Amino acid sequence: MEIILFYAFAVLAIGSALLLVNLKNIARALFLFFIVLFAMAGLYLFALADFVAITQIMVYVGGVLILMLFAFMLSNKELLKDLQDSSGSFLSMPRWQAVVLAIGFLILMIFGITEWHQSIPTWIQQAKENNTEIIPTDNNIQQIGLRFMTFYVLPFEVISVFLMMALIGASHLSRKERNR
Amino acid sequence: MDPVAHISPIYTALIAVVAPFIAFLYQAMAGKRDQSGTISLIGIVCSFISGGITWLAIWNHPIAYAEINWFTIGASTFKVGILLNNLSALMLLLVPTVALPVHIYSRAYMKGDPGIHRYWMYLSLFCFAMLGLVVMDSLLLMYIFWELVGFASYLLIGFWFTRETAVQANKKAFIVNRIGDLGFLVGLAIIFTQFKTLNLVDLFGETGLIYQSAVTNGQWVSPVNSMDQVWLTIAGLAFFLAAMAKSAQFPLHIWLPDAMEGPTSVSSLIHAATMVAAGVFLLATVFPLFNESALIFIAIIGTITAAAAACFALGQYDIKRILAFSTISQLGFMMVGIGIGTWDAALFHLVTHAFFKCLLFLSAGAIIHEMAHLKAHSQLDFDPQDLRNMGGLKKYMPKTFILMSIASLALAGFPLTSGYLSKDSIIISSFEWALSKGDFYLIIPVSLIIVSILTAFYIGRLIFKAFLGELRILDQVQDKLQGAPLHEASKTMLIPMMLLGLCCLFPLFSLNPVSYHDSWLMDGLLLDEYTFAPSHSAHLIIPLILLIGSVISWIIGWKWYVQHKYSLNSNSLALKAAFNQGYINELYQWVFVDGTLKIARFCYWFDRYIVDSLVAFIQFIVLSLSRLSVWIDKYIVDGIVNAVASVAYWTGNQVRLVQNGKLQTALYSVFLFVLLGLIYLIFF
Amino acid sequence: MITLTHFLVVSACIFCIGLYTVLSKKNAIMILVGIELMINAAILNFVAFGKYDKVSYGGQIFALFAIVLAAAAVAVGLALVLNVYRHYKTINPDEIKELKDK
Amino acid sequence: MLAFSPYISSFIDQIIVSIPYFKPELTLIITFIGTIIASLFVDKYWDKASFTITIAGLLLSGCYLFGQGLSHVDMVGFFDMIHIDTFATSARMIILLSTLLIAIFIQQRHQHDRPLGDLYAVLLTATLGLNLLTMSSNWLMIFIAVETVSISSYIMVGYFSSNKAQSEAAMKYVLFGSTCAAVMLYGVSLLYGFTGNLNFDAPSHIAGLVEAPKLMISIALLFLLTGIGFKLSFFPFHVWSPDVYQGAPTVITTYLATVPKIAVVVLLSKLLAAWLAVSFYFSDFLAYAIIIIAIATMLIGNLAALRQQDAKRMMAYSAIGHTGILLMAVLVYQNNESNILLFYLSIYTLMNIAVFIFIDSLEVSLGNTSIDSYKGLGKQSPVLFTAFSLVLIALIGLPPTAGFVGKLLIFSKVFEQYQNFQSFGLLALLIVGALTSVISLFYYFKIPLNAFLKDGLDQYVHKSNPLLLGIGLLCTLLVILLGLFPDVLLSIF
Amino acid sequence: MPILSLLIFLPLLATAFILALPTRYKSSYKYIALAFTAVQFVLAGICYAHFDANKTGVQDLAGYQFVEQLPWIRLDLGSIGKLEIDYLIGIDGISMPLLLLSAFVMLMAIGASWNIQKSPKGYFALLMVLNMAVMGIFCALDFFLFYLFYEVMLLPLYFLIGIWGGARREYAAIKFFLYTLFGSVFMLLIIVGLYFSVVNPETGAHTFNMIYMMNPQNYLGDSIFAWDGYQEILGISARLVGFVVLFFAFAIKVPIVPLHTWLPDAHVEAPTPVSIILAGILLKIGGYGIIRICYSIFPDMAALSNWWLGLIGVISIIYGALNALAQKDLKRMIAYSSVSHMGFVLLGIASLTAEGISGAMFQMISHGFLSAALFFLVGVVYDRVHDRNIYSFRGLAQLMPKYTGYIAVAFFASLGLPGFSAFIGEAFVIIGSFNAASVGTGLPRWMALAGSIGILLSAAYLLWTLQRMFFGEIRLKGGESWVNELTDVNSREQLILFPTLALALLLGIMPSLAFSNLNASVLNLVSFIQQFI
């Protein structure tokens, strides 16, 4: 049951991603991206990362995607028209060089993964043996919170500065238009 | 014996050498301000006197020898010093003795030339170099002076440097001499390598190193080193190459006729009497070095030179060129003297030749001087040196005629002259040498005899054409020839010529006018023993042959050149004889005169076009080579560098393809490289 | 049973699709989308591995940080893309090529 | 969770202990906030407020750092997140000083109507990120630091966006950088998968790498190098840098060409020192990859520079070439022997700052950075061009400049390794290093060639900025003095 | 008194003075330069006067004179050991004559630059920097220091050629720079290798001290340049590689065929004073480097490979002379003649005999001022009519008799007329290389014979030129206007030419002036190398 669901999510993610890249219409593509992100969040759940999945939906779907849509709207008014006029086909033709490259990487990685499949890393084996895996009943949110405040306190603080800077920067970069 | 014995001959020799040098320096400083040449004259007088004193002190006395350290290079110290033995003392006397009259002569001959200050300067430089050459005690120093005389000769040949032919000639002279210098240098290198010294006393002295070395088992072994025996021969030939160039031996003789572009006084001193004889002097000095094959080679070259030059002389019309070829021919004689091992005879001939050839040149100079005078006077354009324009000069210049005749007789080897003694000594010795060697070698003395007769003939021709008969140029200048534009040479020119004339006679050298063995000179230089047995009959027969041959040749020449044809008078008694004579004459004409002339013309042609063009060809080859190397330089050597640069640029260019400004091209290339790198690093 | 390999294969696929997007799409925003896909693939890896790291929770925390960083990067990236659009009136990367080796 | 609770207090203690060592960075953070506030409220009244705060903060941070340097701090803090040693301290010192110079540079070149306050804030964040990069040995920390630096760099490049070129440069930079960051993230995720640990110098991390499957680890390492390579701009990840260097404002180019490299080089050397100490597949792979990359970087950088007509673009390629040299140094870096590397880094920074100050000064006067436009200017600004030429000589690596000493030391180090291992790769590095020095002559000398040897056409008015020129000359002087007395600097590190 | 330091750094002081003086005093720059160079020359003269001819030098520090040694850079670099760089200068019989020569040629060069109009400030400042570098090269005994000066020398030259040169000056300047740099970067690698191979026996630290590098005992057993020679680079003995690389670095300077092509271009394009320095000093640095560094540090390899060196020397002699024969540009001809004459230096060095090496040294000294004089003489004509083509002139002897006199003397001196210095040099090179076969150094005798052909060829091209340009009737390309412009040498020019040519004569007559100081060092060098044959 679980595995079927996993496959379903996986197929959904990969399928929409494939469709996404071949769509000519960018608005539709961004919608598909939305689906991919959801599917990915679903996959995170199977790795027992519930908090990550939630964050994914919150940040990506709530933030990133909306941002992209806005950006698209701002930039592609004329382009949209052009595309609609000229495009007879629904899908754009893939670029063979990029395809070759991507497939090359994929083949290598799949080979690598199958090679790796034969020898599970020691630390994972140990975790399995010692039963120190995360199990569905763990309260991940609490654990993560604790670790943010201890082990990862420095990155946590730094990223706050980082976000502040990104905020200032992004706002500065876009403020310009109003100045003009 | 002599009152000057308490003065060391070394110092007198030093004075003899240095006096002209001081004159040179003075003249160099003074420049145009002093055109008289008095200082040069004083210099050479000093040399003459000290040379004489030195000669008195050294001749037939033990050698004098002094040296000081010059410089040290590596383990060997080179010294500068003076070596006085009979040979060098003789030369030390000879050179100023010839130079002094020439200096006096020049005062008149060169008068009024705008560059006369240079003339005196160069002349003094030459005297210094020549005197230095003869007294130096080391081969290295000899080499230095050897080149220096060449340099002085270069300057003097090109004295009239605005003349194209003169500068061509001096360049040719210097470069041909350079070839010889290379031989000298190689000889030095071989000697130094073999003996670790270049000092003449150490090398050729009583117990010199040269006598301690021997050829064993194909190795030439000296006390300090040994090398393959072929180097012994090469050393000999190398020194001979030096002498060949300097003494104008075939085929390096080509520079000497051209060198006649210089003033005649210079030709007389340098290119007849002294410098060209330096080669003989050198060979005499290093004589112990020569082995059998080198000597034979020298003898052969000497013979060829003597014969060829004599033939060439027959075909000449330029008075100085005839004398130049004659000089070459006589130098050939001396070389034969060296080659057969009788270097004393060669030296003897050198000395006598110096006097009579110098006199010949000076007389020729006087003639040319007068002819040039005539030319200027008559405003005609003709060559004052061309024999065909002369004739009958006896009328105008009787004293010159007499002096020149004496010198010519000496050249021809007529009895009672010095030439008779010295020339006979070489020919007779060569005959004896050939007898001891074998029949085949007889070709050398026989050639020499023929050459001797030819010599008599051509010098006779010169005398006849110049002095006897009618002045041929007169036809053209007839109407303008008012008064007497031709007259005897001035006293300043005549006196030195007379002095030299005296030196051409036998008493100066031997009280016995027919036997060279009684000559003091031969006594002084006499070798311990010749390598061959004397032949008494030769002493009688050969001079006779020579004498008769000369006389016959003169008679023919007289008839031919003075009377223009053989008289066929209707004297009946003499008719048959005349007929026979005519027959013989025709034969002579056909066989000897035409034949000789043809050979002469051919030889000259050969000389002009083959030997000379051989030089031209070599020149062409060298120039082509140089052009080729420039081409290589430009396109190959530089080309490689440029190609490397181009490859670098090209590579840089290829890199730029990625940088076409398109973001995705860049990204694509990056990941392509990652993928390829991955594949490479994993699978290879 | 869902093994690690399952996750890795999925993530590899997503990564390569992201890569392809980056390399081929003629729109700067789509390139950003491709980058996000690649980041998501990495995050999937992290969470998949993080399952076995109960002590430090490294995987999940890294994933969280990555999401945040990616979001910030996208914000800045979009701002810059819009800037370009203002100057060029296009966001097709092929047409934005003033800077190149001349 | 229950197992975790008892340790919490000790964890807190550790954090408290760590904080004092973090003073320089804390100062930077506080300055960052101060600058933002100043730029929001004070700049209106006194337009140098944010600049002053920035400088003060940098100086203060430098003071703390100096204290750390004096006491030779060597500690691990924040749960292995950071590892402060003398290497890191010295590197941070260089970073701070050069940031200081660049802050002044930015201020002096203030000719836009745009407020600069935010730029200082971004600059400070970048500095913070760089400092962290030199200290951290944790992949998480590294990734955050790298992203901090990257994003602040994007912002800086696009900050003015006053013309097409600048915005184009910024866009290319951000897209390229983000892609590389994503790839690196993937690589890090794989590393995490191999080891279950994020500290690259931890024994368990290395043990995990040792047993990792070959293909996968190769992919992971190359992906990792992609991220680092982007920051260092070595081959083949250098393609962005010419475009960005050329397009960005010269002040920002100066920054990009110098400061970030210092930190990344430090990181890479620490990483390699930790990993190459053992000899297994992954370390050999890495060593070979670095050698090949170094050779290719030197060749590509120098060869491509030959054809450049723009001074900034040429300097970008020159920077790529120097990265190759730096990689040589990184490759042979061993623990506790950081002085050669640091020497070269500081010299490199000095040289580049000087060059860009000169380029900028000419850009202000001429309006462009084309090398052709320098024709005949040598006679009109002899001081500037003499100094410029001297710095270029240093960049070639000729005596008596510090550039030579730096190169000599690096070559020595590589040679010593070669002598020990007889590896062909190291020999090839040496030969290519020497060869590219010759090639570099060509393009560097284009500038003095144009300035001194060619005749210019028209008059130009040189607008000189005495302070900036002074800094440039000071750098030049330092480059020469350090060439003659390198031990002054070397003994500090 | 640190006389050598003074000698080296005085010009730097002059540079400072020149730079400090405002441009309105620009006419005084040449006086400053002249004054400092004159003082320098006097100092060099003092060195010469106080030189102890019996001290050996070469591989023995005690045999050096006027030694100054100060620790300069001392660094602990961890695993690569302590860095030990000394400020070590000193001279022996090999550097002494060259030092004096340099001071003299510099003086000439200043004299030749009297009429420089184009930015004299920069010109004289650069000239003085060059002066410093050159002096430093001849004095340095620490390889690091040597390299420092060696490279510093390039830059002023680049600018001197590039700014004050002729039409194709940029090309020539970059070509010159490139060739030399190409040699020297690889030299740097060898220096580094040597550094790791050699330790200071007193401190045990690695060292750049050249003297230590010459002693086999100071080499570490397993170092790259260890003397047992089992170390290999790319399959070739490491020591051989080291030797060859160093040799080529210096041979480019000498220059040898086929690495000589920078020379004609550089000479032709350079202004007269720079040509003088190039020919008079720079080429000597090549020869000096080969003796001081290649031969002394790698004597074993020198003994092994001298056949090739000799061959290169012979090829350079003949090839250079043939090229000179075909030139139409007077300056280019002299440049090629330099290639030919420097070939003798190489041949002499390759002979490994005392005579040959002394001859080579002497040839360097002699060529130093003779070629300087020749370039100066070319400059005289060029200054007047801006033409150097041989065919543009004819019969100059009538217009410029003194000039012709000087040029004739210079020509004859350089074609090896005895009595002039070049003769001694060339003759002993030939003698020495001929002797080499007897010593067993492996240099065949035909090389000496072939080398002597170069003497003949040099006579050919020089005399030909003399004939074409100076003799015959006056015929000038520029017609009547040239007749007025071609004035005879003035007193300044005579002041420079006369001492130079007088010196050539003096040395030709009294070679012991040079040989006496050379001899001990050369003998020492020869015996040092001959142990390895």
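Labels for the chains are A, B, C, D and E, by order of writing; each one numbers its residues from 1.
What we mean here is this: contacts are C-beta pairs under 8 Å (C-beta built on N, C-alpha and C of every residue); 3 or more make two chains touch, one makes a residue touch a chain.
For clarity, every value in this text was computed on a predicted model and none was experimentally measured.
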item	value
Any chain in contact with chain B as well as chain D	A, C, E
Which of A-B and A-C has more C-beta contact pairs	A-C
Chain of greatest Cα-centre distance to chain D	B
Farthest chain (mean CA position) relative to chain C	B
Chain closest to the assembly centre - both centres taken as Cα means	E
Centroid distance [mean C-alpha coordinates] between chain C and chain B, Å	98
Distance between the centres, which are taken as Cα means, of chain D and chain C, whole angstrom	25
Whole-Å gap separating chain B and chain E, where each centre is the average of the chain's CA atoms	40
Distance from the mean Cα position of chain E to that of chain D, given in whole angstrom	43
Two or more partner chains touched - positions in chain D	140, 144, 147, 151, 154-155, 158, 161, 171-172, 175, 179, 193, 196-197, 214-215, 219, 242-243, 304, 307
Multi-chain contact sites of chain C, meaning residues that touch two or more partners	4, 8, 15, 18-19, 22-24, 31-32, 34, 43, 48-49, 52-53, 56, 59, 61, 65, 69-70, 72-73, 76, 79-81, 83, 86, 93, 96-101
Inter-chain touch pairs (all)	A-B, A-C, A-D, B-C, B-D, B-E, C-D, D-E
Of all residues in chain C, those that touch chain D in their complex	4, 8, 15, 18, 22, 28, 31-32, 34-35, 38-39, 41-43, 45-46, 48-49, 52-53, 56, 58-59, 61-62, 65-66, 69-70, 72-73, 76-77, 79-81, 83-84, 86-88, 93, 96-102
Chain A partner contacts - residues on chain C that touch it in the complex	1-10, 12-21, 23-25, 27, 29-30, 32-34, 36-37, 40, 43-44, 47-57, 59-61, 63-65, 67-76, 78-83, 85-86, 89-91
List of chain D residues in touch with chain B within their complex	171-172, 175-176, 179-180, 214-215, 218-219, 222-223, 226, 235-237, 239-240, 242-243, 285, 288-289, 292, 299-300, 303-307, 439
List of chain B residues in touch with chain C within their complex	656, 659-664, 667-668, 671
Residues of chain B that touch chain A when the two form their complex	668, 671-672, 675, 678-679
